[in-house]
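Structures follow.
Each of the two complexes below includes chain A, the first together with chain B, the second together with chain C.
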Partner chain A sequence: MSVFSDFDFNIIARSLPYLFREGMTFTLTLTAIATIGGVLLGTLIAMARLSSLPVLPALAASYVNVMRALPLVLVIFLFYFLMPYIGQWILQADRPIQVGALSSTIITFTLFEAAYFSEIMRAGIQSIPRGQVAAGYAIGLTYSQMMRYVVLPQAFRNMLPVIFTQMIVLFQDTSLVYVLSITDFLGAASKVGQRDGRLTEMYLFAAAVYFIISLTASMLVKRLQARIAIAR
Partner chain B sequence: MPMISIRNVNKWYGTHFQALKDCTTSVEPGEVVVVCGPSGSGKSTLIKTINALEPIQGGEIVVDRVEVTSPKTNLPKLRARVGMVFQHFELFPHLRITDNLCLGQQKVLGRSREEAMEKAMRLLDRVGLKDHAEKYPGQLSGGQQQRVAIARALVMDPVCMLFDEPTSALDPEMINEVLDVMVELAKEGMTMMVVTHEMGFARKVAHRVIFMDAGEIVEDAPTEDFFAHPRSERARLFLSKILQH
Partner chain C sequence: MDYHWNWAILWAPSPDGNGTYFDMLMDGLKWTIATSVCAWLVALVFGSLVGVARTLPFKWLARLGDAYVELFRNIPLLVQLFLWFFVIPEMLPHDWGTFVKQLRYGPFLTAVVGIGFYMSSRVAMQVSAGINTLPRGQRMAGTAIGLTTAQTYRYILLPMAYRIMLPPLTSEFLNTIKNSSVALTIGLMELTGSARAMQEFSFQVFEAFTAATVIYLLLNAVVTIGMRMLERRVSVPGFNAGK
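What follows is the complex of A and B.
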């Protein structure tokens, strides 16, 4: 008699629509938004860090260091409780601004991931030979045009595999939103499991899904890496 | 009125190493000037100060009546009028040849895509690479890439051209195809300043040769005089080394 004999795996089949339509949709949406927002913001932070202007590099470096020194769960909590007051301060309102758990997590993840993506983009920008910068300036481009048309496209292309790898980590980290009782994929699985007393089955299933998605994605990244290496 | 005028230019790297010492010279419109000298003599640095790719700490540089060293100068605008060709080509590897040639025209000069393309194709034809227009730089040989780089500078209708060792990164069999384009350009009356070790090129097309050593302009003489009777011991030594074989 197997250990799994009194497991009920039918529960998974029955809850599939809920798990994916609600849970996975949220997980993927958050992953996508935080990646796009994080890369955009991270690129700006990286440029600030590499700039020769005063103050800006130090400010950018502090931001990255603070974010990278704090556990994500803590940041999620902190922002959830602080955001209303920050909003109040920014808008100069009379009372704290109501920020839902959803908007709060999206903002938190974007800001948090930006710190990591900025390090990736910084490495990417630094990997572009100085001669490219000189060539961009030599035809009359301004700093921002030179970055936009010459350096950043190349940096982004070189860093694409690393960006995707970070995205896979982010995909797993989104499960931390459970601390705000948001229904992501793991949250959905746990809700069903708790309701029906089938937590073990649901967690096993959730683990399998995360594993398959992450593994497939990593394999795709490896292929991409090989293709970029050839193109270069 | 010289096209390029360099007066008492001084440049330091850090506080100790002086890369350029009181350099003064000028280039007249239509003149071709070759700059030579041992490696580390400051010749590449000097040529890069002309379009302000290298900042200087003292002196004055004027290009086509625009004071390069003045803080009021719009540098991108100035650089767009000064063509530059680099030792390592520095084509943009992520862009097709046509886009390499159109980028500056469209973003800096504000030309339309059609206008820019027409100009690009005309210049590509001139350097003999029309058939490669849709390729990426990585698909071309070194010599071809350098010819594209020359075309990329020419599409901007520059008032003068700067060449920073344009053939020293090339395989020997590709040097001539690049020099041929440069000779053509010189014959058409383009103002050129060329850092090079190609003494054959210097003899053939240069009006003047500048010899640099240790950050100083040691000699600045008409080509024939320079080769026939170099005045300084350093130039004689350099020539004997470079012309031996």
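What follows is the complex of A and C.
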């Protein structure tokens, strides 16, 4: 194996603190915040889409369809450049304001993933029998009470495995912030690899770490799915 | 927003010397289409083989198929592209590695292989799911009338399974188109890459990305409509298992 004869495992060991303390922290923070934000916003979008008000369903549907037709890389670029102008407009500032890399990517991923989460939550809401909604209204609940206490808790619970599966996809997708030269886990590995001319070691190590985390997570989701299936 | 809009920039000559900025985006679109179609062929071929293997009555083969799917599904596409582009050539014997690195269409070929294998794991899942949703009686009926396993798949299971799979396969093809944008990181000047370059040269950020957005939406619509027509063309009267 001539390939591995000059394989430098030391470089990985030496850069571990940087890779995980800087890189993985960013990756996991972005994944967690974008998941929570995406589920919340996605639930609102799903409710808008299923509401009987005029215009709102069409608006929500166009948002979801446009977002889902665009590549994430394009959306990352677009929002990265757009956000300073939106910030200027909101704050009524004289010039486009500066938006940091972390907040920019958090907003981008939340808005982008909300489109995908809204489809999941829509399926979840529709999986609740109509009779429950009617029963809720019959005992005098308002729309928001009925959603809050009857529909959403069950929808969320039924969709939990799908939400976690989407979260794993999101975790892998965060690596695309590479295009903005941000130091996420892959970005950190890439920087070390380029500095020391050790791209082979760093990319293989990054692939292994992503693989182990995603595989473990998806196996846990499978177990969760089995448990929820029995409970129902 | 006091952004200075200038849509005429699309018709201004681009610094790459090959016409206007609009031509540049159109070149990008061509690379996006070429990459997506070729990667999709790779994904269909390998995805079908692995997907079928996972439904065959050999435990070890199904296990191997599962391992294949997990391997390509649990590593981010961007990392997989970097492995194909930077790492694999280093692992080949020296002369081969040099040959691969000097390939004229290196980024394109890498993107086709990388995205193709990445998508093949998703196609494989759809193929096995499609075959598994068929009534078990169909496989038994095939055996009962004396067909071999290969014949059962060729004449009974696969023709119906692929029809059932058409809608999910359509969305996987749309994913392939979207995923082709990741190849800009290895230097492929596809649509998103072209929009990025246009933004860097012209400083007209929003014209560049809005134009690319519109082109992606159109491409998406064309593929969706085309696949719906195909679905109607190949549907078997009276058998609406796909619905």
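We take it that the second predicted complex is superposed on the first by the 230 of 232 C-alpha atoms of A that agree within 3 Å, B and C clash if a C-alpha of one lies under 4 Å from a C-alpha of the other, contacts with A are read in each partner's own complex, and residues count from 1 in each chain.
Here is the rule we go by: a residue touches a chain if its C-beta (ideal position, glycine included) is under 8 Å from a C-beta of that chain, and two chains touch if they have at least 3 such contacts.
Everything numeric in this text was worked out from a predicted model, so none of it was measured.
Between chain B and chain C, the partner in contact with more residues of chain A is C.
Using the contact criterion defined above for the overlaid structures, shared-chain residue A:134 touches chain B, although it does not reach chain C.
Touch criterion met: A:82 reaches chain C, while chain B stays clear of it.
In the superposition on chain A, A:73 makes contact with chain C only, not with chain B.
By the touch criterion defined above, A:154 reaches chain B but does not reach chain C.
After overlaying the two complexes on the shared chain, residue contacts for A:142 are found with chain B alone; chain C is out of touch.
Of the two partner chains, chain C is the only one that A:173 touches; chain B does not reach it.
Once chain A of one complex is fitted onto chain A of the other, the partner contacts of A:220 are absent, as it touches neither chain B nor chain C.
Common to the chain B-facing and chain C-facing surfaces of chain A is no residue whatsoever.
Every residue of chain C that touches chain A in the complex is listed here, in rising order: 1, 3, 70-71, 73-80, 82-83, 86-87, 90-91, 174, 177-182, 184-185, 192, 195-196, 199, 205-206, 209, 212-213, 216-217, 220. If you check the complex, the residues on chain A that touch chain B are 129, 131-132, 134-142, 145, 149-150, 153-154, 157, 231-232. Residues of chain A that touch chain C in their complex: 3, 66, 69-74, 77-78, 81-82, 85-86, 88-89, 172-173, 175-176, 178-179, 186, 190, 199-200, 203-204, 206-207, 210-211, 214-215, 218.
Across the interface of their complex, chain A is touched by residues 48, 51, 53, 75-77, 79-82, 84, 86, 88, 90-94, 103-104, 107-109, 138, 152-153, 156 of chain B.
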